[in-house]
Each structure stands twice: as C-alpha cells, then as structure tokens.
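Heads up, the next two complexes both have chain A, just with different partners, chain B and then chain C.
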Partner chain A sequence: MARIIVVTSGKGGVGKTTTSASISTGLAKRGHKTVVIDFDVGLRNLDLIMNCERRVVYDFVNVIQGEATLNQALIKDKRVDTLFILPASQTREKEALTKDGVEKVINELSETFDYIVCDSPAGIEHGALMALYYADEAIVVTNPEVSSVRDSDRILGILQSKSRRAEMGQDPVKEHLLLTRYNPDRVERGEMLSVTDVEEILAIPLLGVIPESQVVLNASNQGLPVILEDQSDAGQAYDDAVARLLGEEREHRFMTSQKKGFFSRMFKGG
Partner chain B sequence: MSFLDYFRSKKTNTASVAKERLQIIVAHERGQRDMPDYLPQLQKELLDVIRKYVQISDDMVQVDVDRNESCSVLELNVTLPEK
Partner chain C sequence: MSDTAASGLKQSFQLKSASVSLTALELYYFDNDEFEANLRDKISQAPGFFKDIPLVISLEKYEGLDSELDFFKMIGTCRRHNIHVIGVRAGNDDQRRLARGASLALFPGSSLREQAPARAQPDEATKSEAETSSPADVPTSEPAPAKIISQTVRSGQQVYAPEGDLIILAPVQAGAEVLAAGNIHVYGPLRGRALAGIHGAETARVFCQSLEAELVSIAGHYKISEDLQDNGWKSAVQIQLRDDLLVVTPLDKA
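Take a look at the complex of A and B:
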C-alpha cells in the first residue's frame, strides 16, 4: 500500500508545485518508488518544473478515460531512477477528474509505488477536492502572510470534513505545515509573521521551513527540483523536510537571520 | 532601510498586527465551520415558538453548538425584553 500525500494550500503561488517536485524527488532519492501526479487540469506546470514538458504524450485524464494505459502516461524521471511523473491534461475540462476515475488510477499506482504525491491546484474547487480526497497525509504549504495563512486554515477545515478519511470516519488525514518563502531578517524586524506565529494560529505540526531564496527561481528556470541544489539553503531545507516526513528527527535550520556586519549594512542599505 | 532610518525610532510591528487579525478571523471562521447545516433553520423555528409567548426580535436568540470529544452541547441564549 502506498502512502498518499497531497500538497495543498488553498492560495495560489505559495509553492505547491515547487514543493511537490522537491518532496517527490527527495523521497525517490532515498530509494522509495514515488509517483507525483499533477491535478491541475488546464494549468499543467509540474512537467515544466521537473523538466519533462517535451516528453508528455498521454496524461492523467487520458488514463481515467481509458485512452491510454498508466504505463503509457507515466514519465520516468531522468535524474532519479525511482521517480515517475503523471502529468495533468492541458485541454480537458476539470470535471474530467471524477472520484471513481481518480480512485481507479490511485489504486493501480498503489500496487507498485511506495509514495503517491498529489500536486493540488489552487483554490477549493473540484480539482483541489479531488487532489485531497484520497490523501493519507497533507502537506499544507503556507507563506508567512495573512491571506495564505487564512486560506491554509480553510483547506485544513476541508481536509477534516471532505476527505475520504473524514467521510468514512477513519483516522483523520495527517497534517503537516510547510512554511515557504520565509525571510528571517524581515521576521526579526517585525515585518513578517514568525514560524511560531503561524504554528500558533494553524495549530498543526511543523514539517519544515523553506527560506526565501534566489536559488528557487534559478532552479525552476532550469526545470530542476530545488532539492537537488544540495548546497543551497532551500535545497537542504527541503531535504530536512523529506527526512522528517520519513520519521527522522532533524533540527530546524535557516530560521534565524544571518547577521550582517555594521559596514555591509551601511553599504548595502540593510 | 536607509542609513538614517537605522537610527530613527522603530516602526510599528506589522507582524503582530497580522497575527492578531488572523487569530480573530480564523477563530471566527472555525466556529462557523463546525456548525451543523440545520442550525439556521433551527434558530428560525425556535424564534417562532418563543414569539408565540413573548415578543422578541431576531437578534435576541443565539444558538451555538459546542463540541467536546464525547458530546455536543446545544447552547440557547434568549434575551427576554424587560417588562
């Protein structure tokens, strides 16, 4: 049985796809057979972030509608052996994702994979509900900013009431907070919500804190999951998050500002 | 931050404003989320029953549901007008 993990947030642009790419790559790098599914029908982007956009032939909806087999649609990652990508359809209606159709695909994947990572679209509409419905665990990607935190709380409510686990009265979906675009300098200046602030408001366990970093954009420009930039702070922070997801204890890093000297502050304008 | 700003008095801490606002709105929205769907109808019917005996306005009846682990409590607050 595979562990099904949804990467969700409610709000758009907080780093769901970046996170899905890195978490799935990280899991696969540790030898777990992993598939990452793009649920954003019509706005496919996981393929770009993972650098396989030109290898897409069939997609998720093709498989649901029996126009292709899973093996035809799955794209094998070129960097990590045990990683596969199931791209979203770019041309179909969102409603092409049906509960039964998604279940069929997830069940089939469950037979051979250890981890199924579901990259949710933004919002709380059909696509987002489908992405979270079958989840065992949820990574709630949040920016330290008011609208993102509020939307995360909304999505937590939906996980607790509309997921299959909730409907069936099973153990609830295990929730993880992943704080992204974190800027410790601004937190210290009182301009940004701190990790503890967000933890206090959302009241779910912290999986990791990804510092705001230029490396993230540079990596996505090249179609490289940022976790593979293993010298960078953001890459290492994602690696820590994957380790914690697998039950390892790791201390949180990159949460305090790198103190600048008086002179560099004067000449670089703080 | 420019060189002079560095010596000026600290600006308001906007993060704490954000936190306070979020705590209020999130608590409010969580409260509504846990409400059963039948609550508005229940409130309306209760109001009708009470009105048979006492003249009260809509905002004088408050219906809340408090959920604990083992049970739920339906809390009904009716403010009666002064005689």
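Take a look at the complex of A and C:
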C-alpha cells in the first residue's frame, strides 16, 4: 500500500507545486517508487516545474474517463528513474475529477507505488477537496504572513472533517507544517511572522523551513525541482524536510539570519 | 363511539410525556416596531440559530399595560422572522385570556422563581447555575450535559452546544465560531468568535486562557475585537454581563 501525501495550503502562490516537485523528487531519489499527481485541472503547472511539459500526451482526466490507461498517461522522470508524473488536464473543468474516478486511479497507483504525492490546487473548492480526500498525510505549505496562516488553519479544519479518514472515523490525517519563503532578515525587522509565531498559531509539527531564495525561482524557470540544487540552502532545506518526512531526526536550519553575524560584528567593532 | 381499541385495530396515536428545551422571550413592554427592531438585531448576531425555533413569551417581568399586549402582532412579527410563538408563561388572568384568544398555549410561571423566596437569598453563583441549566420553563431534573471538544477549532469551523455549556480544551482559531446556550470555557487562546447564552441566558459567561477574540457575545450583548483590546487582552479572563454591559475580569483576580 502506498502512502498518500497531499501538498496543500488553501492560499495560492505559496509554493505547493514547488514543494510537490521537490518532495516527490526527494522521496524517489531515496529509492522509493513515487508518483506525483497534478490535481490543478485547468491550471496545469507541475509538468513545467518537472520539465516534462513536452511529453504530455494523456492526462489524469483522460484516465478517469477511461480514454487512456494509467501507463499511457504516466510520464517517467528523466533525472530520477523511480519518479513518475501524472499531469493534469489543461482543458477540462475541475468537476471532471469525480470521487470514484480519483479513487480508482489512486487504488491502481497504490498497487505499484510506495508514495503518491497529490499536488493540490489553491482554494477550498472541489479540486482541493479531491486532492486531500484520500490523503494519509498532509504537508501544509504556509508563508510567514497572516493571510496564509489563516488559510492554512482553514485547510487543517477541512482535513479534520472532510477527508476520507475523517469520514470513516479512522486515525486522523497526519499533519506537517512546511514554512516556505522564509526570510530571517525580514522576520527580525518585524515584517514577517517568525517560525515560532506560525507554529504557535497552527499548533502542528514543523516539517521544515524553506528560506526565500532566488534559486527557487531560477530552478522553477528551468524546470528543475529545487531539491536537485543540492548546493543551495533551499535545496538542502527540502532535503531535510524529506528526511524528516521519512522519520529521520534532523535539526532545523536556515531559520536565523546569515548576514546578522557579519553586521553585528561590524557594529560591535565600530 | 368507536371501539377500535377493543376490536384490536391500532390507534392512530399514543400520548407520551415529553420534555423539551425551549427559548423564552422575557417581555418587558410591547411596542411592535421596537420589538421587531430588537428581534432583527438579535437574529443578525446568529442567524442560523433562530431559524424556525419555538418561542415562549414570558410575562413575569412584563411592566406594560395589558391593553398593549397584542399577541397577534407579536406572533406575526415573529413569524416574519421565522420564529414560532407557541405559548405564554406566567402573566395575570387578563394577560392569559388574551393569550388564549390568540390560540397560544399557557405555561405555568417559572417554578424556579416560585421557589426562590423559600431559599435564603440565593447567591449569584447558584442562580446562574440554575438558570443556565434550564434555559426555558420546562422542568428538567438534570442540567443539560456540557459539550466537550478536545481538538483545535479551526478557521471556518463552528461548534454549537444547543443546550448546556461548551468546554473546549484547545485553541479556537481566528475565523472559527463557538456558540452555547450556557457558558463557554476555552482552555487555550480564544482567537475566533464566542457567543454564550445564545437563547438569552444573561448569566452565561465566557472563560478563556488568552483573550484574542474577534467577538464575544453574551445573550446578544457583544463586543468586537477592537473594544476588547484595552482590558485583559492576551491574558486569562472571564467575561460576564453586568447591567447590559460586557465586563472583562482577569481570572487571577476573580
């Protein structure tokens, strides 16, 4: 049985797709057979970040509607050979994702894969609900600002009430907080919420903190999951997050300002 | 007459004793326009909970003239707001005759109040206990059980205790709403909206470990976040109603 992980947030533009790409790549790199599904029907992005947009023939909706088999639609990643991508349809409506259809696809994937990563669309509408419905674990991607935190709180409430686990009365979905676009300098200036603030409000375990970085943007533009930029702080932060997801204990990094040491030394010296 | 019972046929009904909880509207005086304005105001605070509720008009504190007591207007106004007046509690003989004329059921006066003189000045606490446990006139042998929630109440979620107290052993997040007929206890930060005494129990209170609420309401009297900042903000407090005003007191000095 595969472990089903949803990457969700409520709010848009916080880094769900970036996170889905990196987490799935990270899991696959460690030898776990992983598939990442784009649930954002109509606003397909994952294929761009995974650099497989030119190889999309069939998509998730085609499979649900029986127009293609799963094997025809799955795209094998060129960099990591245990990683597969199931792209979203760009031309259909989100309603094309039916509960039964999604279940059928997930059950079939469960037979051969170790991890199924579901990249949720923003919002709390049908597409997002379908992405989280079958989840065993949830990575809640949050930016350190109040509206993102509020929306994450909302999505946590939905996970507790509308997921299959909640409806069946099973163990609740395991929740992880992933703080992205974290800028310790701006936190110090009081322009951003700190890790402690967000942890205190949301009260769920912290999976990782991804520092705000130009590398993330560059990697996305090149169609490279940022976790493969293993010299960058963002890449390493994602690698830590994957390790923690698999149960490893790793100390949190990139939470304090790098430059601060330099400046404070300057001021002390002067 | 019919001998259906004797002939072994099933009767069309059976009478059973039932005990239900009702909302009582304690009327001080009646002016239809003001009545409607006040009603609309109350409903706007928790629209969902007043829809299609049965209501008993309590006349124990009625101070107006009997001639002003137009039950037909009252019923009509309530009906427009989807509230069903089913009867009248207490009141003198004339008032009760008027009520009967409007096809309303007659309930006896509150047993609680009738007993009160027998007791030696019941103190504030026991009075509040008694009143919150029986929000309406229906005699209940046991207080309504409290609803206990141990999971965080997240933004967009609503928790409702229609009869008794609501006890939450976790944070109530911004954008969440908790409502109770009785008291509300939050053993964690209260960041959302808390409405206690929603059926009109003015002795209901709100207790929380850290007051960060968007809104606190007791029996329809409310304060919004802005008005709560100056007193007890982000600390452990209780909030109660005194002379129609919400009063915030730190818990350590209570």
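Observations
The criterion applied here is as follows: the second predicted complex is superposed on the first by the 259 of 270 C-alpha atoms of A that agree within 3 Å, B and C clash if a C-alpha of one lies under 4 Å from a C-alpha of the other, contacts with A are read in each partner's own complex, and residues count from 1 in each chain.
Convention: contacts are C-beta pairs under 8 Å (C-beta built on N, C-alpha and C of every residue); 3 or more make two chains touch, one makes a residue touch a chain.
Because the structure is predicted, anything quoted here is derived from the model rather than measured.
Because the two structures share chain A, they can be overlaid on it, and in that overlay chain B clashes with chain C.
Chain A is touched at more residues by one of its partners, and among chain B and chain C that partner is B. Shared-chain residue A:G157: touches chain B and chain C both.
By the touch criterion defined above, A:E108 reaches neither chain B nor chain C. Of the two partner chains placed by the overlay, neither chain B nor chain C lies in contact with A:D233. In the superposition on chain A, contact of A:E191 is made with chain B only, not with chain C. In the superposed pair of complexes, A:I201 makes contact with chain B and with chain C alike. Only one of the chain C stretches 2-10, 20-28, 74-82 or 236-244 carries C-alpha atoms that clash with chain B in the superposed arrangement, namely 20-28.
When both complexes are aligned on chain A by C-alpha atoms, chain A residues 150, 153-154, 157, 161, 201 touch chain B in the first and chain C in the second. By the touch criterion stated above, chain A contacts chain B in their complex at residues 145-146, 149-150, 153-154, 157, 161, 187, 190-194, 197, 200-202, 265-266, 269-270.
Those residues of chain A whose C-beta lies close enough to touch chain C in the complex are 124, 150-151, 153-154, 156-158, 160-161, 201, 203. In the complex of the two chains, the chain C residues touching chain A come out as 151-157, 170-171, 173-176, 191.
Residue ranges of chain B in contact with chain A, taken from their complex: 1-3, 5-6, 10-16, 18-19, 21-23, 25-26, 29-30, 33.
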